[in-house]
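Take this structure first; my questions come after.
We call the chains A, B, C and D, going by the order they appear; numbering starts again at 1 in every chain.
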Amino acid sequence: MIDLSTIPSPLVQIVIGLIGVLAFVGLNGLVCVYLERKVAGHIQRRPGPFEVGPHGILQPLADAVKLVAKQMITPKGADPILYWAAPLISFAPAIACFLPLPFGPKLQNVSINVGLILILAFSSLNVLALCLAGWSSQNKWSLLGAARDIAQSVAYEIPLLLSLLPIILLTGSLNLAEITQTQGPWPWQWLVVKQPLAFIIFFVCVFAETNRAPFDLPEAESELTAGFHTEYSGMGFGLFFLAEYSYMVVGCALASILFLGGYQGPVASGWWWFLLKVYALLLVMMWVRWTYPRVRFDQLLNLAWKWFIPLSLLNILITALVVKL
Amino acid sequence: MIGSKLKETFDGVVSLLIGLKITFKNFLKPNLTVHYPRKTVKPEELTGYRGHIELVPKPENPFVPRCIGCGLCRDICPSGCIEVRSKRIAEEKEIHTPHFGLQDTPLDLTRKVAPPQKTKIEIVSFELNYNYCSLCGLCVQNCPAGSLRFSKDIYLASFSSRDFEFDLLKRLEKQAQARLKEEEEWTK
Amino acid sequence: MFDLELGLDLSGDFYTRHFQPTPSEDTLILNMGPQHPSTHGVLRVILEIDGEYILRAEPVLGYIHRMQEKMGEVKRYEQYLPNMGRVDYLHALAWNWAYVGAVERLMGLEVPKRAEYIRVITCELNRINSHLLWWGAYLLDLGAFTPIMYAFQDREIVMDILQRVSGSRLTYCYYRFGGVSQDIDDIFIEKTKEFCAYLKPRLKMYKDLVTDNIILRKRVEDIGIIEEETLRKYGATGPVLRGSGIKYDVRRKEPYSVYSELDFEIPTASSKDALGRYLVRMQEIEESLKIIEQALEKIPPGPHISPQAPRRPKPPRGEVYFAVEGARGEIGVNLVSDGSAYPYRVKLRSPSFSNLSMFPEIAKGTLLADAVSILGSLDLVIPEIDR
Amino acid sequence: MSKQADSSICAYAYCSHEQTGYEKHFFITPASLLQHVQKLDELGYFLEDITCMQVKEGFLLTYHFNRWEKPGRLALRVLVVEEDKTIDSISSIYPGALWHERECYDFFGIVFKNHPSLIPLLLPPEMEERPLLKSSEKLRDLYELLPGCEQVLHAPRDEEFGQFIKECSQKGK
């Protein structure tokens, strides 16, 4: 790994970083698809992908080739501009979210003071994309999916932000690298010990924000066939897919930076600890997906409004008191 | 009120964790899938399996089926997928020439002297259209000669439906040849 | 596609046009199916929804209609046997039994005791199989993907056992007039006993994994409550009926075969909702295990098919009705014979047909997600409805 | 248990469950169908199914009823003549009959009066022919099919059914 801070010009630094992030997002998509299918397979006591390459390791590549090669169909009556803009709007901010993430001690694209805010702002754009996709597809199922997605995202954005406030109160910073620095390498020095409730709320909200089961209501295939992306084919669908996995990584990365000490770890701190934590959390997300039934829509909203928002407010209050005293 | 609500929530969370525990345990257990082209089902697991029907040869001659050509299987088949054709052929019997003392008589006595002609049934063709077969087993059960049985062809696949129109006589012949070959090799 | 003069919406097909929306601006006509993932096969439900609330629902059938009843009239009695495995492919043996039983009743044919016990064992095994598949598929409807794989894991064992005697794995054609086509052997008995011992801890695992899960509970509790009156007016039977607390089971109320000699309970649930139906089915698996174990103990030696069993039955004139308890409810075969080798009329009474006809009534006013849950809890097999 | 179908087995109203699967069956007139079904509804019967059969005399509609508490499959039989293939729909009493009646309409073309939507259920809507109708040489007499029912065919006896209902209500309530 190169030390990004040694590159003199910030523009060159950002360009190289962007290329790196793009490569990471693409690679991550492949790894996640493979992991997801293997985890699902082994939980269900079957091998998962097995035929393409040794232990099916090339299967995601084959899938990607298939998706790229497929015809992109615009349904009759759909608004073509909005329809094809939606996957791009979904995918582009996902890349921006990676920029302020400190992967390692020196491995950070842009070190800005409002890194956290930046990520939260960019990740919220996903709602718009899903809404557009559902609306412009001229499909009733997509429309229902979009409607669900807006309600769900709006509801879960609030506890997501509220659960992060105690961290900001404790560390006094919005800079992700600094927040990492305030935590030590050992698990008991991580913020999750001080803020277990915030961690749980945050993590559950990540599930809802990224539309993962058991909160995958916008795409709920047994109810809405495929929800907002019912009509998408080829890379249109592929981009939604990539974006979903990217947001999952962003969510897990935030969780590991804010609560689990980021790249800091016992013995030797470095980017490997960061990736380890991120992928461990990703595996938990997959594990959960293949275990639970889906919740119902009103239950999902009830959970946000009746449980998570009051609880996270309470958490802020207690934290503020403790910090002040 | 709040107490029961909290208890319910707590139990709910516990149930969620139990679910995770069960799936994790299963995650660690070995796969159950049979990787088909590399592994196949053991033959003893195929006991009772009904593949398509095939002919049973006579014990003394593996090339000739036991079939007596009665056509019962064809009649009883719900899908009408069996076609049997047979013909009666006279068995060649030597004709006893009349006594030499009578040879000069003008009467044609040969017919009277010859014993009644015996006929036997030869199966000309026995075709099965497996595309329509519903594997009910009525033909096997009702065959009076015990000439039908189920094959164990479990891995039967093809791109063309024509491949499932079987000539069972040919199949029997092939099986008999394979058997002979096997026996030869065995004796060697 | 809007006829301004008549004020009619002319888009859609015959059935959508018949399903005119109520004159209101906020509703949406939604075609759920015939390829929707949770209508299991080829059922189509036309919904009128307001947001996600269902105002009206109308099932449209016939997508895999095969005219089984006509086939019954043009085939001889014995030739119709393989059709029975294909009416309800999940509980094929119950349909086998209903038809074979009707012909036997018509002819006054006595079935050997051993054959009766074999029928009970295999039919109950098949019932377990059917309930397991329902369980998996229902959870698939509710968004849990893993249980169906576990269910298939167990189903595989049952299918192996049944394949041993019947030759097929799904669309069995095993019962014959006056008995069964093949006798069971010791390995069958041994494997069945092993399976009974194996399934009990599995059921415990299912309970921990799914039944106790709070998400599932919230998805099925108080969903799709069916009142007694509705059940009676629509003629619902099977677990749907017992889930509302009515103890009606053909095996007990109208005992056929050797069920009267066996000791088992009819599980009921008083909650009347989807959870009730769910629990009834889970308990029925246990009861079936109990029946199988008893039957394996009690099975007498003897022939597996009656020596008087006709190869080509020609039942005397008359009409019979034979009902058996299938996994989905009361299966009835109504046969009319004119004394020839062909039935004069075959009427198949399928339980799913009556159970589904309740759906418009139950689904009214529920959420779309709940409608999926209700549809799943009715345990529909569409080929059985369409016949 | 020799159960040859001679004339003794299907003696009019009471027939053996062992032999036919019915407890009782009644021939009634089409006009009285609704009021009889109403009475069955009051007695707590549920509708199992409705089936139809074409015979030389016309169409024999059979309504199967059963009860949850006591065994008792009951068949109500109504003969509809070829010239006038209409009968009252019982869907106002038993909404479960809606689909069964549509099915009969599909297969035999029998028109049920006051049925809210008598449209094809199982067959494609554009299909004209009625698949379960038989050609005339295949048709049988009702006498042939249901031996022992001769005396009631020409004069369906509603009073017998009335008697039964009376008995039931006295016993039951």
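In this section, a residue touches a chain if its C-beta (ideal position, glycine included) is under 8 Å from a C-beta of that chain, and two chains touch if they have at least 3 such contacts.
What you see is a predicted model; the values in this text were computed from it and never measured.
**Q** Sort the other chains by how far their Cα centres are from that of subunit B and give me the top one.
**A** The chain lying farthest from subunit B is A.
**Q** Weigh C-D against A-B on C-beta contact pairs and write down the one with more.
**A** C-D
**Q** Roughly how far is subunit C from subunit D, centre to centre by C-alpha average, rounded to an integer in Å?
**A** Inter-chain centre distance comes to 25 Å.
**Q** Just the number, please: Cα centre separation of subunit A and subunit B in whole Å.
**A** Measuring from centre to centre gives 57 Å for this pair.
**Q** For subunit B versus subunit C, what separation do you get between their C-alpha means, in angstrom?
**A** Going by mean C-alpha positions, subunit B sits 32 Å from subunit C.
**Q** With chain centres taken as the means of their Cα atoms, state the distance from subunit B to subunit D in Å.
**A** Computed value for the inter-centroid distance: 46 Å.
**Q** Please set out, as single numbers or ranges, the residues of subunit C touching at least two other chains.
**A** Within subunit C, the residues that touch at least two other chains are 146, 150, 153, 209-210, 213, 215.
**Q** Can you pull out the residues of subunit D that are in contact with at least two other chains?
**A** none
**Q** For subunit B, which residues are shared contacts with two or more other chains?
**A** Counting only residues that touch two or more other chains, subunit B contributes 16, 19, 22-23, 26, 32.
**Q** Provide the full list of chain pairs in touch.
**A** Per the contact definition above, the touching pairs are A-B, A-C, B-C, C-D.
**Q** Which stretch or stretches of subunit C touch subunit D in the complex?
**A** Interface residues on subunit C, with respect to subunit D: 14-15, 18, 61-62, 65, 67, 69-70, 73, 102, 105-108, 110, 231-235, 241, 246-248, 253-254, 315-323, 330, 332, 334, 336-339, 344-345, 347, 349, 353-354, 357-358, 361, 386-387.
**Q** Could you pull out which subunit A residues touch subunit C in their complex?
**A** Those in contact with subunit C are residues 40, 43-46, 140-141, 144, 147, 213-214, 216, 220-225, 290-299.
**Q** Flag every residue of subunit C that touches subunit A in the complex, lowest number first.
**A** Residues 28, 30, 36-38, 51-52, 139-146, 149-150, 153, 209-210, 213, 215-216, 218-219, 367-370, 372 of subunit C touch subunit A in their complex.
**Q** Of all residues in subunit D, which touch subunit C in the complex?
**A** Those residues of subunit D that touch subunit C are 1-5, 9-10, 17-22, 44-49, 51, 53, 62, 64, 68, 71, 73, 75, 93-96, 98-99, 107, 117, 119-126, 131-132, 134, 140, 144-147.
**Q** Provide the residue numbers of subunit B that touch subunit C in the complex, in ascending order.
**A** Answer in residue numbers: 11-13, 15-16, 18-19, 22-23, 26, 32, 45, 47-50, 76-79, 134-138, 141-142, 150.
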